[in-house]
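Before anything else, here is the set of structures, which you'll find just below.
Both of the next two complexes hold subunit A, though its partner changes from subunit B to subunit C.
The block that comes next holds the complex of A and B.
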């Protein structure tokens, strides 16, 4: 396939900027291969995160030609190599160096969400019984590899910087997985409504589009959560009933 | 120069995959202070890549299963070099460890009556692997992670430990740096659990993630601990072979568990041509019986594709060498053929093997529901590791524990698929528990400033050589050589050459240099990985040279048979005072009578 140019965001703070690297490309190569080759040939200090190189760990998130993607799952033969391939770090998080950003905020948000609380076991031996159909619904959410590309693309975080008051699509998926877990008994709706800022999401579905695991984030996770919040907090008839019913 | 921050814990766990997380959770449960160090971000460790499932004799699918059968399968798979104490504990405790995961939120695939479903896997007599499609590892690590973050464990993300600190032979801490900023840190601890995984990055074709640079092996070795069974490296029979950039990425055994067959370029199902005696009466006689087995017929025996990994890998290797391979040097793995057997085969494959479908579609442009895959052996797992006490997981260095892939013993000469995830849980828990006990009994150790300055000096040396050799070049040379000379088929001459080659590579590694600063400097990180990779490579080569027979994952072309002379000992290496590697053979303690009986009954 010959040579291609990769225009990579390098450096730190004010000194950061684009730098072009040319390297040989071959059949089946992905963007991460090119970055590794560049590290080995000309830029050994170039920083990028990666682990599995198989689309399973969600470490090598970046923006390739402006689109949030995993570098290990982006094949060069799907890109126009007649122009430089532009590789940038994620923009929703503080930049550290080259392609690496500080994603620790995500880990703090997750920790703040109420943990899994199972119902009492179904069988005397301490085990539960669940049907595959009930499990299937949640397994979609549990495919999430925490690449944070959905957080990166979400305009509430990316453009409006609402990090302190908005949990972001990843954590709505996480919460939906817990709320719809067949065994879970906790209630996180109030938390999502208030601290999670669920209402900020105006369902533009950008997160769904970039998800490398093809999780239908908006339709299957966020909208059902929004509906449940509405039922719980804003539905006048439910409210009326609740006046006579003790809360669980 | 040795400007550093100090943090202090009772128990420090190094490595945050399945074993490390489980150890940290257990230690935290006994109310000691726990620090958990991960080289990457939390939840990214190599465990995420495990696909097939975790083996536990819960007998949810076949009620003939129990710990005795699991124990016997594990010992047979390990060719009886296993630490039988560990094999017994593992078989007995794995079911509880799996159920515990469910109580923490894991969602396994279900049986019709709503219990945890179990699937067939190579070397396991009955369907035994609890699983979630083909992404069981992700489910496991995420469950442990999401549970672990609420247990009061202090997590240190993206930190590398370069040296263990000792006080009078006992481990008292660790020295490392944070990858983001390059700042030094001393972790003071009364007990340390190593859970750093394996050594796959020492080889060119590997299914392992970058983190698998043998850090824990080298840390333990340099602190004076024994490493054992290092000659036993598992080459998984099915890795991707095309395109080149994905070479080595794992293709789960689950494909074969669901009925996938291996074919050579003549369309021949070659696995039927070579069935070892040890497995003759447990293997299907023809394709029909094999299919009945994978679809749950209890009277059928397993197809030969589900023989142990070492055997399948060598058969593939032989087909390729004999010119019967696929265009890119592998063989064909065919799951699409099951459409002859079941009407909705395409959906069935997508449902049962979603990640594989995805992986081939996106990386190779192959639709596995209609087309065969090209596969070949890939470095997958190291059975060898830190020699530990089977009950407590403490190494030969007081206060230093090891669990998971970095520890040796459970798997002997070869690991069965599915026994790794259960290993992480069973022995992660044990290591955490005993490390906490140990920590409670010990006073604080003394951190030796001289050791700290030495470690800091060593870590910074590559910056003194801005014009030194590029560390990536040395890493690539090492990987090429190990692949070529200490790989799936070994000979005396090749390995002797490898040991010589390692000497030369060590010299090159001491001359590598890096420019730039300490902040997220990938080249610097690679410089510091090199000594670990070289250490484990030498251990593998020396042990493999000493074992003049073929057994389990270790295959010698010049000694292709098993030998009685080598049947009763493990190979152990330790660091001599002069820094050289000392090798010795250690007799395996005789198996307890009741366990012998169990093995006999399940032959």
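The block that comes next holds the complex of A and C.
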């Protein structure tokens, strides 16, 4: 395939900026291969986070030609190599160095979400019985690899910096997995509505578009949560029905 | 959530600023043009108050913009009105600066359904308000941290969507009835109704089919028929949920097709009524 130029965001804080690196590229290479090659050839201090190189660890998240993607899953033959390939760190998190950002805020948010609280066991041996179809629905959400590309692309975090008031799509998926679980008895709707800022989501579906695991984040997690919040807090008729129904 | 970010975040980008190399502006532009065209045409058609029904060659075609037809405008007998000609009390409170149009009495319901639809919301926030203009593209600077989303007034009112859904379901039945009615043609000899099919029949029949695909795949409908439960089992409720989910996967496509077709149906009936187009009978 010849030589290609990679315009990579390098440096720290005020000194950070784009720097061009040219390197040989070949068939089957992904962006992460090119970054590793640049590290080996010309920029040994270039920092980038990576681990599995198979799209399963969620470490090598970056923005490639402006789109949030995993570097290990972006093949060079999908990109226009006649122009420099722009590689930037994620924009929704504090920048540390080169392509590395501090994503620890996500883990702190996750810890604050109410944990799984199953009902009493169905059988004397302490086990439960569930319909496969009911488990299938939440199984989709468990594919999440926590790459945080959805958090990166979400304009509520990226452009409005609502981190103190907004959990973001990753944590709505996590909450949906717990909230829709057939055994769960906890109520997280109030937490998501108030502290999680679910209402800030204006359904742009950008999170769904960038998810490398193809989780239908908006349609299957966020909107169903929004609808459950409507049931609980905004719809007078549903609230009336709920008054006569035993709580889970 | 309040798990503080203690390191400085990257600078917010300006409107339209992005590293994207694709033509990211095409999608919001097309959405803008599509919605704007429909809004302008439907508003114009709704204010006309005439040419909304076609009875040439015994046909019974009614424009979906005027269905259900509660009252005919004064001096008109379309044969579709539920309560006959507009009563004097209604005309006395009608704004004097515009002609009476029965479409204005009903169009707020399907309009509200589409305005509060989850798909349309995401689409017009991008195309009309640049909020954001497209994924990972900078927004207008004035919004920044003042962003309110749908958490606060006025957009918190979007949560009324399910009530518009109830109305939309009723409209679906009414438009299906109009489609069935379009298979009946008045016989010029006997004066009775006879089965027939014209091009208009097909146009009016496709309309509720597309609207059905859109309405029954609505996120609120999907929630109400089963999504709200954690345990659906594998009975009829689950099957209904699966059907709705199947339609929901193509909700955007249904939304656009039904929007286009409802507008085209009005155009068809209007142009036939004006004598510009001819409604050919197939049977």
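We adopt the following convention: the second predicted complex is superposed on the first by the 237 of 248 C-alpha atoms of A that agree within 3 Å, B and C clash if a C-alpha of one lies under 4 Å from a C-alpha of the other, contacts with A are read in each partner's own complex, and residues count from 1 in each chain.
As a working rule, a residue touches a chain if its C-beta (ideal position, glycine included) is under 8 Å from a C-beta of that chain, and two chains touch if they have at least 3 such contacts.
Please read these numbers as outputs of a predicted model, since none were measured by experiment.
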Clash-or-fit label for the pair subunit B, subunit C on subunit A: fit
Which superposed partner A:131 touches (first subunit B, second subunit C, both, neither): both
Which of subunit B and subunit C A:181 touches, first, second, both or neither: both
First (subunit B), second (subunit C), both or neither touched by A:160: second
Subunit B versus subunit C as contact partner of A:91, first or second or both or neither: second
Touched partner set for A:102, first subunit B, second subunit C, both or neither: both
Touching partner for A:190 - first (subunit B), second (subunit C), both, neither: neither
First, second, both or neither for A:145, with subunit B first and subunit C second: first
Subunit A as apex of subunit B and subunit C, Cα-centre angle in degrees (nearest 10): 140
Per-pair minimum CA distance [subunit C against subunit B, superposed on A] in Å: 12
Overlapping contact positions on subunit A, where the subunit C interface meets the subunit B interface: 96, 102, 130-131, 181-182, 184
Sites on subunit A touched by subunit C in the complex: 13, 63, 65-68, 80, 83, 86, 88, 91-96, 102, 105, 108-109, 112, 130-131, 133-134, 153, 155-156, 158-167, 171, 179-182, 184, 195-206, 209-210, 216, 218-219, 223-224, 226-228, 230-231, 234-235, 248
Parts of subunit B lying in touch with subunit A, wherever the complex brings them together: 40-46, 48-49, 99, 102-105, 107-110, 113-116, 132-133, 135, 138-139, 142, 146-147, 149-150, 155, 157, 180, 209-211, 242-246, 249-250, 355, 358-359, 362-364, 470-473, 476, 514-516, 519-524, 526
Subunit A residues touching subunit B - in the complex, by the definition given at the top: 12, 26-30, 33, 39-40, 44-59, 73, 75, 96-98, 100, 102-104, 107, 110-111, 115-116, 118, 121, 126-132, 135, 138-139, 142-146, 178, 181-184
Footprint of subunit A on subunit C - complex, ascending: 1-10, 12-13, 18-22, 118-119, 121-122, 125-126, 131-132, 135-136, 138-139, 143-145, 147-152, 155-156, 159, 162, 219-220, 223, 227-228, 230-234, 238, 248-249, 251
